[in-house]
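Structures given as structure tokens follow.
Next, two complexes with chain A in common: one pairs it with chain B, the other with chain C.
Right after this comes the complex of A and B.
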């Protein structure tokens, strides 16, 4: 044990705590995921551990299960819709909050945050009831819009924090170098915000794809999203097919993480 | 980077200034940052704004560039009022203190930016970028990103990026701040030579007096949003108009005294003529004072400190009235310097070089 030589006691305690937290979260978060993945390859038709053998039949079953495939496609559609809406609404909102010269920029940035602070279930129920009052019934569109409202804050905050770190002199330089306000936005501001927009897009897509609390009250009767379908599935079966769906989602989540870290990595090259 | 002698700046004989700033004011809430600021800059002239932090130098540049709107007054370029002209149409180029290079663009694309914004043909952009990069000795760096350049190279890109659009007026806000002391000295000389060669009318901002003396045709010493004195570096140094300017530029000794009918008497017995009356402050530079043996004159003191500053020795002499007087003398190798705590007498070498200010 030589690593603590020459370090202050505060450092030693700090490093110890960080290690402890890391191990703890690894065990609590990652271990179950690994177990789920292992179970998804099990040859037996019910959930056990350790597995009895290796098979891909549950993955095959997932893609032959019509309702599951449809639910995945529905969730994909919701995820993409939410992402597009969040970019279209969130980026201008962030620009207005940070660069805006009008009264109420602070109010605006707080206002965007409010739906995110409300528990998803409350938001979902509220949309359902309000919709019923004005004659809007649950649908894949209502679900997409509700989740957009719920998650918009994440896009706004991500872009906002990047914007606040951008040297305002860059945009002034662009203007001084003959750029019109629109040219400055297109050639300087947007390219420099790209990593943040990309990161925000990944977060909002995952939320759109994965959200249960809002979706459960707002999704269309015939357009069940994946989380709702899965919830229904686990209620009457314990076959590893559920584990296989989780396996698919884990692969997607890892892909998303890689995209985020790459876009943040690109961000650093620029600075 | 820049070779050859400075261009013949005095051959251009125009009466109308290129940049005319008239009675410009600017306030933020209750604080007046600029008051009645008036300054003309002639064709090809470099005027430096020199003043302590917070005196409004950057504010003035930002008003000229159009980033901020002045509260009143006129700003004219070639006789045209530009107050209502938007930033991107003012014939002004700004070199920012932080350089503000676009981090996502290569050197060539940074430098060509202004031309692309004006939709110049590709071939023309390429040709002009190459020529400007040659001017600032950055040929070969076209495809680097700003993060891959040294501080001095980044600064050249910032300058090249502005030169490419051939501005009528160049504004430089403390462009050397991010450089280390040695590089700074070299870049000052190079930048002055370049600006002179191109004949660019410029306002240069600094709070470093040595930089101001190096760079400028004229220096405007500012205090609290106003100009105290505008004059050539020599005049500012030799004949500062106010005690504030004298104190700000170079080292000065102030002696408080009373006027006796048309002149003041210095502590060593010599006199200086003046039109002022009553209590005054007489200013003399350290190099205009001489140390002698204690019995040589009536102005006596004790050396409290001395140090060797290259070719000069600087003494602090505590006079009998408690004033600490600074004296400098050329250092001769064989002379042994006057030791600390030794008794000396002080005398003024040339009384006519002293300045007298109201007390």
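Right after this comes the complex of A and C.
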């Protein structure tokens, strides 16, 4: 314990306290997930602790639960639609924000942020009402486009921050070699932006897959997304089937983490 | 590679590329136009409609508004209804206390990140980012398992002989608060880490070389410099917690009415458009007021540090 040496008791106690809280918080972050994973292998049909035995039946039950599987597929579709729309709409917008030579680039960046700053439920209610007035009823498509609008800012911000750190000399070199703007975009800028787009894609997909606040007002009556289905399941049953869903999600989250850390690095996530 | 580049240069561009060039070389607003159109149709116009519904009396027939007159009546009805005050106050209290507790528990983690080695940093990043990639409902369910009557906490305390009968934590304010803090903790930690890792590490070294204790350095150097991170983290946590319904619904036992649950009931169950619009607008405006307050405070304390620099 070398750094205790030569320090005043107040300092040791003070920093010790800060570090103790830090360790407590880190345990608090991870412990519930570990407990849920343990529960998901329990043989008993109601939630108790400690578990009585080991079984995979809850995982089997998840995939035999028709509504749950359908909800998962719906959310998968929403997640993918949101991701594709965010790439198609967001990447060019980021280019315009950073490379544009028109008045109002800042205004454009702020404009894109606005729907993200508004609480999700307010956006959900607004889209539901506006849709009803023009005859668009809630559906998986209304849900997808609403979540896209809500989360687009994340894609734009991720690509924007990467774009601002790119060396402009690379694009100038391409122009000097007589590449057309499109060629330079395709062969120089775009490959360099790929990691940021991939990271943005992970976050927009997760939002599309998991969003409840916007989805609860805009989802189709028959196409219930996973969060809506899960909320009902958690509220009205106590079987460990939700724990098994958690187990599946944790595995997916680890996969997503690996993708993000390999594409832009974990430490770049919130820039 | 070089040959390919030369080849590409001498190939005349196709029509598609010519159009793309025209759009890109102007460095104009064109690439952003699709996004602007979508945001206008799916966000700006709906907000305008929400606003008009909240501030008017209207008659509907077959899903269309047939007459609409400007009116403050829905707003005044809401503001004189004690249920609104109680509900919004409850949401506000819950959100503010969650934000404060997240800061209290999150800040030390960010400090550990700043002072820790590469493996500590990596561990902290994994533990804070991973939860954000899993569903909030699933993470709330974990607290159902822990705090329930026959849950982990009660089993442990009973077995240890610390209590004689199971504690009733579920469906109380405490269950909601615990769940809210744990679920939103990563949202507070990430901005703190982002701001702290931009610090010039020589400032901390200089402070310690000048004989400041670690606590002294934390208080006089690290804390003032991390004010922008505290601001961003608090704003994010507040917005999320003020407008959530997952945790209150699940851990509050369904009868814990907060602003979000009230709006949901007005809009989805009782189909009261005017009430739903007004409640949404009140939610948005009150949320914005707190965000402005947070921004002003952040600005004030940031200026204070800048003054010390000079």
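In this section, the second predicted complex is superposed on the first by the 242 of 271 C-alpha atoms of A that agree within 3 Å, B and C clash if a C-alpha of one lies under 4 Å from a C-alpha of the other, contacts with A are read in each partner's own complex, and residues count from 1 in each chain.
Here is the rule we go by: a residue touches a chain if its C-beta (ideal position, glycine included) is under 8 Å from a C-beta of that chain, and two chains touch if they have at least 3 such contacts.
These figures come from a predicted structure and were not determined experimentally.
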item	value
Contacts of A:167 with chain B and chain C, given as first, second, both or neither	first
Which superposed partner A:183 touches (first chain B, second chain C, both, neither)	both
Touching partner for A:76 - first (chain B), second (chain C), both, neither	neither
First (chain B), second (chain C), both or neither touched by A:259	neither
Chain A: partner with more touched residues, chain B or chain C	C
Contacts of A:191 with chain B and chain C, given as first, second, both or neither	first
Which superposed partner A:84 touches (first chain B, second chain C, both, neither)	neither
Shared chain A contacts, counted only where both chain B and chain C touch the same residue	177-180, 183, 187, 269-271
Partner chain C, residues of chain A touching it in the complex	7-8, 10-11, 14-15, 18-19, 21-26, 28-30, 32-33, 35-36, 39, 46-50, 85, 88-90, 92-93, 95-97, 99-102, 104, 108, 111-112, 114-115, 117-123, 125-133, 135, 145-146, 148-149, 152, 156, 177-183, 185, 187, 202, 206, 210, 212-213, 216-217, 226-227, 230-231, 234-235, 238, 242-243, 245-246, 249-250, 252-254, 256-257, 260, 266-267, 269-271
Residues on chain A engaged by chain B in the complex (per definition of touch)	167, 169-170, 172-180, 183, 187-188, 191-192, 269-271
In the complex with chain A, residue positions of chain C that touch it	5, 8-9, 13, 17, 20-21, 24-25, 27-32, 34-36, 38-39, 42-43, 45-47, 49-50, 53, 63-65, 104-106, 108-109, 111-112, 121-146, 148, 150-152, 155-156, 182, 185-186, 189-191, 193-194, 197, 213-216, 218, 239, 242-246, 249-250, 254, 260, 263-264, 267-268, 273, 276-277, 280-281, 283-284, 287, 291
In the complex, chain B residues that touch chain A	65-67, 87-90, 92-94, 96, 98, 100, 102-104, 113-114, 117-118, 147, 161-162, 165
